[in-house]
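Please read through the structure below; I'll follow up with questions.
Chain IDs A, B, C, D, E, F, G and H follow the sequence of writing; residue 1 opens each chain.
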Amino acid sequence: MDSKTVATILTDFRAGRLSLDDALEKFRDLPYEDLDYAKIDHHRMLRQGFPEVVFAQGKTTAQVAAIVERLARVNGNVIASRATPEMYETVRTLVPDAEYHELARMIVVRREEIAIDSERVILVMTAGTSDIPVAEEAALTAEIMGNKVTRVFDVGVAGIHRLLAQRHTIDQANVLIVVAGMEGALASVVGGMVAKPVIAVPTSVGYGANFGGIAALLAMLNSCAAGVAVVNIDNGFGAGRLASIINKMR
Amino acid sequence: MDSKTVATILTDFRAGRLSLDDALEKFRDLPYEDLDYAKIDHHRMLRQGFPEVVFAQGKTTAQVAAIVERLARVNGNVIASRATPEMYETVRTLVPDAEYHELARMIVVRREEIAIDSERVILVMTAGTSDIPVAEEAALTAEIMGNKVTRVFDVGVAGIHRLLAQRHTIDQANVLIVVAGMEGALASVVGGMVAKPVIAVPTSVGYGANFGGIAALLAMLNSCAAGVAVVNIDNGFGAGRLASIINKMR
Amino acid sequence: MDSKTVATILTDFRAGRLSLDDALEKFRDLPYEDLDYAKIDHHRMLRQGFPEVVFAQGKTTAQVAAIVERLARVNGNVIASRATPEMYETVRTLVPDAEYHELARMIVVRREEIAIDSERVILVMTAGTSDIPVAEEAALTAEIMGNKVTRVFDVGVAGIHRLLAQRHTIDQANVLIVVAGMEGALASVVGGMVAKPVIAVPTSVGYGANFGGIAALLAMLNSCAAGVAVVNIDNGFGAGRLASIINKMR
Amino acid sequence: MDSKTVATILTDFRAGRLSLDDALEKFRDLPYEDLDYAKIDHHRMLRQGFPEVVFAQGKTTAQVAAIVERLARVNGNVIASRATPEMYETVRTLVPDAEYHELARMIVVRREEIAIDSERVILVMTAGTSDIPVAEEAALTAEIMGNKVTRVFDVGVAGIHRLLAQRHTIDQANVLIVVAGMEGALASVVGGMVAKPVIAVPTSVGYGANFGGIAALLAMLNSCAAGVAVVNIDNGFGAGRLASIINKMR
Amino acid sequence: MDSKTVATILTDFRAGRLSLDDALEKFRDLPYEDLDYAKIDHHRMLRQGFPEVVFAQGKTTAQVAAIVERLARVNGNVIASRATPEMYETVRTLVPDAEYHELARMIVVRREEIAIDSERVILVMTAGTSDIPVAEEAALTAEIMGNKVTRVFDVGVAGIHRLLAQRHTIDQANVLIVVAGMEGALASVVGGMVAKPVIAVPTSVGYGANFGGIAALLAMLNSCAAGVAVVNIDNGFGAGRLASIINKMR
Amino acid sequence: MDSKTVATILTDFRAGRLSLDDALEKFRDLPYEDLDYAKIDHHRMLRQGFPEVVFAQGKTTAQVAAIVERLARVNGNVIASRATPEMYETVRTLVPDAEYHELARMIVVRREEIAIDSERVILVMTAGTSDIPVAEEAALTAEIMGNKVTRVFDVGVAGIHRLLAQRHTIDQANVLIVVAGMEGALASVVGGMVAKPVIAVPTSVGYGANFGGIAALLAMLNSCAAGVAVVNIDNGFGAGRLASIINKMR
Amino acid sequence: MDSKTVATILTDFRAGRLSLDDALEKFRDLPYEDLDYAKIDHHRMLRQGFPEVVFAQGKTTAQVAAIVERLARVNGNVIASRATPEMYETVRTLVPDAEYHELARMIVVRREEIAIDSERVILVMTAGTSDIPVAEEAALTAEIMGNKVTRVFDVGVAGIHRLLAQRHTIDQANVLIVVAGMEGALASVVGGMVAKPVIAVPTSVGYGANFGGIAALLAMLNSCAAGVAVVNIDNGFGAGRLASIINKMR
Amino acid sequence: MDSKTVATILTDFRAGRLSLDDALEKFRDLPYEDLDYAKIDHHRMLRQGFPEVVFAQGKTTAQVAAIVERLARVNGNVIASRATPEMYETVRTLVPDAEYHELARMIVVRREEIAIDSERVILVMTAGTSDIPVAEEAALTAEIMGNKVTRVFDVGVAGIHRLLAQRHTIDQANVLIVVAGMEGALASVVGGMVAKPVIAVPTSVGYGANFGGIAALLAMLNSCAAGVAVVNIDNGFGAGRLASIINKMR
């Protein structure tokens, strides 16, 4: 299936000219676009409500640019995570309206604003200042996918009063993302305070026996608070995506 | 605060004779019951909607029995996970209506049926037959907390057609719990098929380089499917609890 | 140096008939008693203020009994840690006034009460009920060495209000021992609340990715609270000994 | 044995002027060429049907160039894996017909085309785009050793329909090489689809808890699909070599 | 699809009354038999030429017996690996012609002799005597699947002359399985001697820094001999299965 | 609470115009200053007697400079650890009296000299010359917090006479910090010589199987000398802070 | 080569009726005795001066007994290490003059006394009492191989005066074996005191973060004392064998 | 003790003007030279027959240069290992006759030729070409300490005939150093061929699952050949030093 056909079907689907069933039918045989070095999963938008996200790390700049360009052609919004400024420079030549969020290391194409339910807030918290880049990756991901996000940074447990001062904000959140390196204890404390889902993101922040994030990862997995689940070390994107899925359930 | 006072307040609260605000007010100073070796967190029911769960492993039989008895006195439903048959025998002398689920290793007191929304199904899947005990811990936990649960066991990825045959069941689920040992690949495949939250539970099932569940744990943490989060190895209870929290969101 | 000579010198020293300098002089050449399989360090009492402690695990019952008997002959107080009930039965035939503390797995000979400064309290805390055996090893060690000890058990961070309710007790402590398994977060929270030394003891309590205590150990080593130091997994004795040393400084 | 003698014997053998038995006889005493820092195993061609392959990483540029030059003098085809562009520049001054494959990081001298049985295809698959360099090392190795190779890239299990769309290609393969980083699940799924040997190559692609390829390595070792064997992390060459050996069996 | 239907189709297929295409067609919808706790993959015989193998470890005795009974009903040959004598006693009541191989810990039902090509030998070697149980699991697996197997045990590299004395046997082998614990060096030496596939099986034999087989596993993965691939620690079955697949290629 | 208010309260408190109780009262609601990316814990000075210390690693230069500037505005003394020379250059533009200690990688603002009890000495020892940077971080920290510090470097146990020659200095110390990489044995030997608290700091100094400090860390945790506790690898600051707390106890 | 022939040749060799060259010649083709499950390396006595040693762990009782019987038939002295009392009972029925050393877990047949040079002493030291079994395995091995051995036990570094009191014995030793668990520091201290070879044996003695001997192993590998080499955890035999080889050099 | 005094005593000792006993007497109080950041152990020459060796890695260039200069002033021969070319440039300004061995990364001052017994050869072997730098560190160390050294490089076990061709050289060696990365199997094979001490040096050469030398380290520790002991990863110096000690025993 060549790119043009793929584009036509998807565009028609987004425009409502094709029903989901009809779109799926058309894609029965080959529901992705084949660039040889990448199979672009346009089908994902039908299946999961948001197009494939480009994990840029490990890809060449040319590959990232080409994939973003293809996705942008047929989807409203595109994300490339772990992208370097160099990658962005190349992407911009192909997709002029792409933006770069340096802190979160993300390239974003945002053409279609997704309706946001401002009653349902995703709260992104960090234990320290150094955890902010990962937290921003999570927050930005959730925002682009159509969620209201509140940020509370640097409330690690060694100054428990700083955390308790956020009690009200915590209680208001619908889904919580807790980002912490070092000993990762914040997830357990927050997990015990709420009856909402807590997504814990260990970070590689720290030194010595933190072993690149293992200390925080293990702490979060062993959390004595129920209601906490964990994603990969530094995986802000995954946390943001999952939080968005949960936040939109009804 | 002595046990009787605690009991009265909580009983009144459950019966609707006390509002949540009033109950919380009464508990301001010491919102738990102190047995010296354990601080029973009756407050949790107010805070998180379900009473504290007893993690029996590592406690003495006498401790487990006493804690279950106290919780049962003031709450409708009680769970003790990782409990041995011996523990159950002692618990039963104090709480005659306690049941034991051998496969899930759980003691359950179920006095109050929680209303279930049968439109929202939690699907519990296992990769193999040996993963079933952990899966049952998850499923039973979710059921007691008032959720409809469907079980699909032994659909590991090495026979992908067995998994694909469950396509319809998978599509209908509101939250998915994927339980797998060995290489833990099931979480990634399922995670890619749905736009719902997937809670992955690595198990210690396997041998050799599975290292007691590390192989499955790492696989699940590194899942290339977004929307997957992970709990501790063999932590069926945690998965069931989190799935229940998510399933009840609206 | 034969056992009798050693005994005479030490007895004279304890009785004040020999000064420290004179005792040390006598011990210049061979300041211990040689049983072939063990070199009993009677010198330690001169050097460190408390006689050598017997680490019973890995020794034969006969060895433990013989060493306790020799130490008891020349010292007021003797401790054997990680001792089994079987070891105690044999020790008792040689040292009738020996006691056994089952929870702490310690054999204790206590003939001389050490003066206690009741203004200076060592606080021993645990995160959970299952951590109590290790905590008791620490508490008992500190008590025998002449310290006032307060115990606060089961105040893990997932129920932060249970911990905060102990605020006053925590503020009064002179030295704190924090015993926790699973994710070990209690040390960080307590460490941030006080300006006193916190000795963190990771325990092997937990399962799965706690890896026999590694999770708690790493969490405590990476604590973002300054003022926290860590001893070996399950090393209640070491924590109690260090707390006693610190508590007696002036 | 000096280089010239070695060369003469090998050249005669390749030309059919010497039988295998006679060649082996001549090499009885010293069947390799000694450069002090390297013992070039010309014997390997007799023993294993393909000359020694140079693993360039860790060798100096001068060493790599000298070894390639010696091998090229007496063998038809030479491979140097993990070679840098700088190494190639030096090799080229000595062996002008050497080529460099940047993606696969290989220097290749190809003077003799080995007959290919186009009915027997080695299929090289990757889970992601970032795994391609390792896959190319495998594919190129197999091609130079005289095999027909098909490439299918970026068919990771999180988009299982992309993989299933390759069903026909997979069924046609005689030997399969599965290259995957992150959670390495592709090997298990493919292993369950075929009754042909599957060689799994974990890659270091990923981040955080992939631990430089350990996650994928463990997943592949624990694959619940029989018929899967694993080589070292990023070892494309080893996979290509083994696939070639198997593909030529009859 | 109920069990009887499954049985009829498979029996017809084995008897030649149904073509492969027709059998596959019949199985399109639900190609396995569902016991709730297990999905028996009868389809595997069509897909991979040998029925599903039961991994008994972690299953209950009742589960193992039921699965073996179902498989035996529709297939000629059945294997259950990692089976205890107790499991066998129960299986025997349902399947009287089942045999138990104690050394290899396998239950075998062998009703149909598969034709063996005695020119193609699978050689199973061990480094030590303690590695024999794993080797027997591999050898027995390969034999039941219709291969000629030669065993050479206790030829570890510390007595290299014992290995070299097997030179002729090694040269004659078509596929080699090398089973070794401790330092696992045998795989590298054998791998360098032949141009045939070598399947390396690390075992947990050893002590101390062998870490339950990790030492041998790493050694085999890092083998400097090309043509070696590795299966899980103690995975004799996997090695035997893969060797059989390779040995039957033409 | 804006920065100016915070500053006023703290300045009044340090000047004695406000009692501790009154200051705490004023801070009841929001006892820190919020910079969004950091919550500056001015409260810590009240709670722990020394202001928050800036862990510079992982923060941007702008963040470090801003935080130091705020802390310096309301506190007498400020420390930023793990700071680069570049960070210092920026800090100096905001806080001209800041100093940089290159060896210890610390930025220090020292406006208020804390009274030192010269009878109580903290002894900082290293096993080797390469451990000195970590030791200096510890020593400098303790000095700024008002302690007398003695340094004894390069007295590793492989030249035990060098250590024994320091006997007198060791006996005089009130608290000991032992900094060692490689095999970390110094902590055990020193721990056995004294009846004072020993804080062991493993360093990442070494190579090969030291694994970035794990060897020394494990050695120190397993020390057979009681009275030893351990901080994170390379954590000179933590050791200095804890030593200061202990040294000031009476 | 049948057992009788092997026996005749070896007996003649030991009796001096055959020269080494002649014996080696006779063994050219098959220099070991083949029991199928074991290849008994009689050749080792010619090659290494002492017959093969039986590592009993992991072998069946019947295998151990048969191998000891064969070795005893043609050699003067036989050792089986890691042997259980049960194994010994069976061996004794075949080899009545076999002895069992329970502490060292060794079966010994000693028919030929090897001349001992009493000027050259192997010193076996332990850090603690619990290390003695491993030390005895080393000491007994060295004694049987014809060395004078001195034992000094329980001189761990936490009581450095106990070690220094052994200064004279240490100085007199020709080869030193240092056996230590926990933090393994003894090897470094002893290594720095002598100019003789030190063989370090880590033991699994300890708990918690000793990880079954890893702490001591790493400490010994990272020893800052030159002249120290390390064998496997608990490998008393290997240390004794190597010490004997070195002690007999001239 | 100031530097001049130290120098005079040592110079007199080396010149024979002072007996060993007299020299030791003079050094009773302070047997080393104190540079603050380093305690130069001149005593080591008396104690161990060779002056302290400078481990340059981790020291500043100025420190290395100063220490070498001091050692060179009073000793004949000096070694600094792991030294960079930059360090050498600075050393040379202070010690003009210092040489630099780039491959071995060593600075050497060689003023006094130590008598060599050419009958006793230390054989240094490597498995591969990339292991040569570590091997050269070992060889050079042994040579400077007065030993005859033979080098045999690139004889890894995957080409076992290359190793066997060295049989004569191996048999002639008095002590063997085996340097190998990757799977480290060479030590086991060589260890089984000789009755001489084998010092195994694992190297960090390799990639992927070699984990920086762990694979080779574990293989060598688990060697089934007795007579093998292991030093730290890449520790050529330690191996050379120990080999020299053993080689000079009589």
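To be clear about the criterion, a residue touches a chain if its C-beta (ideal position, glycine included) is under 8 Å from a C-beta of that chain, and two chains touch if they have at least 3 such contacts.
None of the values given here were measured: they were computed from a predicted structure.
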Subunit G and subunit E - chains in contact with each: H
Same vs different contact residues, subunit E with subunit H, by half of numbers used: same
Remotest chain, subunit D as reference, centres from CA atoms: C
Of all other chains, the one whose Cα centre sits farthest from subunit F: E
Whole-Å gap separating subunit D and subunit F, where each centre is the average of the chain's CA atoms: 53
Approximate Å spacing (C-alpha centroids) for the pair subunit B, subunit E: 38
Chain centre separation in whole Å, for subunit H relative to subunit B (CA means): 59
Sites on subunit A at which at least two other chains make contact: 128, 159, 193, 208-210, 214, 217, 221-222, 224, 232-233
Chain-chain contacts as defined at top: A-B, A-C, A-D, A-F, B-C, B-D, B-E, C-F, C-G, D-E, D-H, E-G, E-H, F-G, F-H, G-H
Contact footprint of subunit B on subunit E as seen in their complex: 29-32, 36-39, 41, 43-44, 52, 55, 57-59, 63, 82, 202, 204, 212-214, 217, 232-235
Of all residues in subunit H, those that touch subunit E in their complex: 127-128, 156-160, 164, 182-185, 188-189, 191-193, 206, 208-211, 214-216, 218-225
Residues on subunit B engaged by subunit E in the complex (per definition of touch): 128-130, 132, 153-155, 159, 161-162, 165, 205, 207-210
Residues of subunit A that touch subunit B when the two form their complex: 47-49, 53, 174, 193-197, 199, 217, 221-222, 224, 226-233, 237-239, 241-242, 245-246, 249-250
